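Same chain, two partners: subunit A is paired with subunit B first, then with subunit C.
Our next item is the complex of A and B:
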């Protein structure tokens, strides 16, 4: 059945899209494999939606081409592509019932009424819409509409399903449920998903791989863990998750560790492959949840390479975690997030307390300033 | 205490807002309609006003006699002139409405789909003719359509015809004038519904496998039906009673109810028959509208 290479099911080759003077997508190349959930993550204006529209056939690339399962789709109208799109607004046809909405694509493909009915019934069963078959979209809840939009696409068994901010219009509780349902359907039907989102949490939880877009280019592609743990640029580090950022100067080398001065009196050891010369100005980053906080007088004491003294400036209890802001001196403030599972000694830490901050040498990154 | 006061204030406010339109309708529609209805049950006499009073007080018996004469209506049903005039009007209104729709729909679609920055200009251009009096515009059509007029001259010059066509004083001229004059009334409501349409619906239908033409008939057209209906009503209803355009462009050759009304009122001075003609026309128009609106309300509810 498959003509193209499995891991090159979708091949995006040097795609450029210009709108007049503006370059919306700038020389993007990307391979997506069959059965993968690929997320395009980026802020507004990053070019992710433009890229998606080109994949769906709504816009033609200015340069480059897209090959899906061995077929060059460039220049083909959307109705002739083996690709379907779930729109952010769902774009359900307001004058048609749920049943008619879902069957629309099959009827347009010339599939008989009887077969359409059967396949629509199957899909409605699958996404739990059967009781609402004869309702109009205006009589459905947000979650039900989302399911109609999904059913309308997957009933056509597309080679690729594009989802534009699929969970954007749902409230938080419903999002988690829907996300799991989406992924279950994706796995069960062996579909290839391309998800566009600006919500990094959504991308992290859904995607096999994420491509982060900025200014029309893909800045980094990789599994969520890789992007989070090993960002290849300051931009990625800052874009995904929360981050401590410090300006620093390389002070020297101690075995595998690089010594970085954050201020006159504060230095930390960093274990990273970052190439450098002494005296280089760098940006040093780490994640608040990688740091640990200890009461200065507590029995339990940190054992990491870097242990820094500080004063608590701010505590905010968030339920599952507690966030601290600790001043290390010289106006260097670090944010720490602690899971609230061992509350015993740390529950008493409050504003103004003297604390020790445990700062591992790994999981800290250096970028050229 | 203050809550009650607030409620009263709220009601007063609502009343204050609703009162002007109600007053307007009562003063300028219901009251005149009452007069016309009353006159239609009267009898033409040579007096001023030229109709017999409906109610007469008999002081001897102490009785108020009300005489409702229905012979005006009987007369209208018996004389085929009236029926023909109604049918003539209905035919001209129907055909003109259809022509307006056929011309107006692409017109409205083109405006609605043009860049937002140009839409204002295009709508202005559509409305521009209204800045000139209708009468002058109809006279202009006389200049265009008459035997030595602009149109015939052009056709002769191009060589399409050998001798001038007779266009004025034909029903054709009425169609031209009516379609010309009423086209904006078709375009505006159509534009209003088409402009509001969500274009991602069209993309969705394309995405699901429909060609652009198919998308138009599956999505754009059905969703614009409310605009089609308002447009058709805005054209059909005034054209039924149109008087000026057929009189100036078609003269005797076209029989419409507006002319019959005019003749009854001003030539025959038979106000009661004229009123009965008007009342029947109103009923003929209003009943389908009410049925349609009920249907609409049912569908939505």
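Our next item is the complex of A and C:
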């Protein structure tokens, strides 16, 4: 039955969606493999929801086509597609009980009452909804509603399950729990997930691969680690995680290291494969947690290639980590995030202190300015 | 200040409801002369239920009310679906205007124009033959549809679109979705729209007068013709019953529209 290639379970080919003059999705091509959790990450208006709606059959693409498991789905109405969608608002039918909500899709497929009942009971057991079978959605908590929405989809054993901001409506504690439950169910049933979200944390923790969308296009696709460590553009670097950004000028080369001037008096060495000429203007970025801070008079001293002197402008204690803003002179301010392991000498660093900033040559990126 | 507000409240109530309470009071008047109090009696209620003419008119009004409320609800529902779900179709503004025109049209004009339509239609195609129950019902459907639309359209618009999409996604076609999801979700608004249409039809004098024929005298028409001669006490009793029914209908409509907001 399965005709399609495993790694091309879903094939999106040059898909374009225009609403009048506005191009919401602009020539997106993408392959998603069976059993993968793929996350579309982007801000509002990036086209991620439009893309999802086309995959679910709610909108027809203006150009291009989508092939799911060997079948071209273009032009087919949503009720004929082997995909199901978990809506952001859950979209539970308010006039039906939990049981009826979950069984709705099976009954529409012409499955007998007896078999529907059996399959609904199984799924309710699995997502721990059995005690609520005869309740209406209005009598459930947010987390329970979400499980009904999920159960209603997976009871149909879809080839692909789409999740629109699946954790958006839940509070922080419930999010982590739910996320683990979702991934467990995904693995147990071997489902393919396409998750749409604007929340990079949600994307990073759930996805096998992330596709970052901007202005209707996919800007970069890759596993979370790759996007975070090796962003291919300034946009991606800035979109995922927090970032230090500096304007700089290429000053020269020292072995493997490129020398970049951040101001008249501050230069740093950067070890990267970035193609450049002397005098090029660049943007230099790194992650606050890759930098280290040391008291100027501490016994422990940095060993990295770059060590810069500075003055602490700001300290904020966050519990698991402490964030510092340090001025290196010439109005260059760098942010540093330190894990709070134990009572170290760093705990005494406060505003106005003289410090040293350890700045590794790797894990710093250059982009053309 | 609160004392003044309380006074204003009661003055307002008095302004609105004093006439009705006077009428209810006089319906229990034993005296034959409407304006003189002759002691408490339920005599006129008994009289009322022995009056063939009134019972007959009430039956006609009830039939017309049920038929036209049902017809108007179906048309109003279709109109609401078109207005809310079909997006910006050509002529949408014109359609919206035409649908709600009867709200602001003077009843006399609606009445005359329908009368002219029925007469010319009869001459041209021989239908509807004469004026009577059918023509009144058609006329009532015409103006009640606008009111039903006013009730249904906001409910339809506020209904979460994703409910219908979820139904489609789970394998139901558009028609199944309409009957299994859309209709049950907006059911409370449909019930209150129907009740409103029924009350409007039951209450109507002007349009019914234009479109009625022999043997189709509605209750309001009968009352009006009776009080042209003299205000008889049995009419007070009848009015009291109508007020009671209308109040019950209103409470029911409110009950259903409250349920829909839950």
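Worth a mention:
The criterion applied here is as follows: the second predicted complex is superposed on the first by the 367 of 369 C-alpha atoms of A that agree within 3 Å, B and C clash if a C-alpha of one lies under 4 Å from a C-alpha of the other, contacts with A are read in each partner's own complex, and residues count from 1 in each chain.
Basically, a contact is a pair of C-beta atoms (placed from the backbone, for glycine too) under 8 Å apart; a residue touches a chain by one contact, two chains touch by 3 or more.
Predicted model, so just to flag it, every value in this text is computed and none were measured.
Applying the stated clash criterion after superposition on subunit A shows that subunit B and subunit C collide.
In the superposed pair of complexes, A:79 makes contact with subunit B and with subunit C alike.
Judged by the touch definition given at the top, the superposed model places A:108 against both subunit B and subunit C. Look at A:300: by the touch rule set out above, it reaches neither subunit B nor subunit C. The contact surfaces that subunit B and subunit C form on subunit A in the two complexes overlap at residues 56-58, 77-79, 83-85, 87, 89, 91-95, 104-105, 108-109, 152-153, 156.
Those residues of subunit A lying in contact with subunit B across their complex are 56-58, 77-79, 83-85, 87, 89, 91-95, 104-105, 108-109, 152-153, 156. Only residues 160, 162-163, 165-173, 176, 180-181, 184-185, 187, 262 of subunit C touch subunit A when the two sit together in their complex.
Contact residues on subunit A toward subunit C in their complex (touch as defined above): 56-58, 77-79, 83-85, 87-89, 91-95, 104-105, 108-109, 138, 152-153, 156. Residues of subunit B that touch subunit A in their complex: 198, 200-201, 203-211, 214, 218-219, 222-223.
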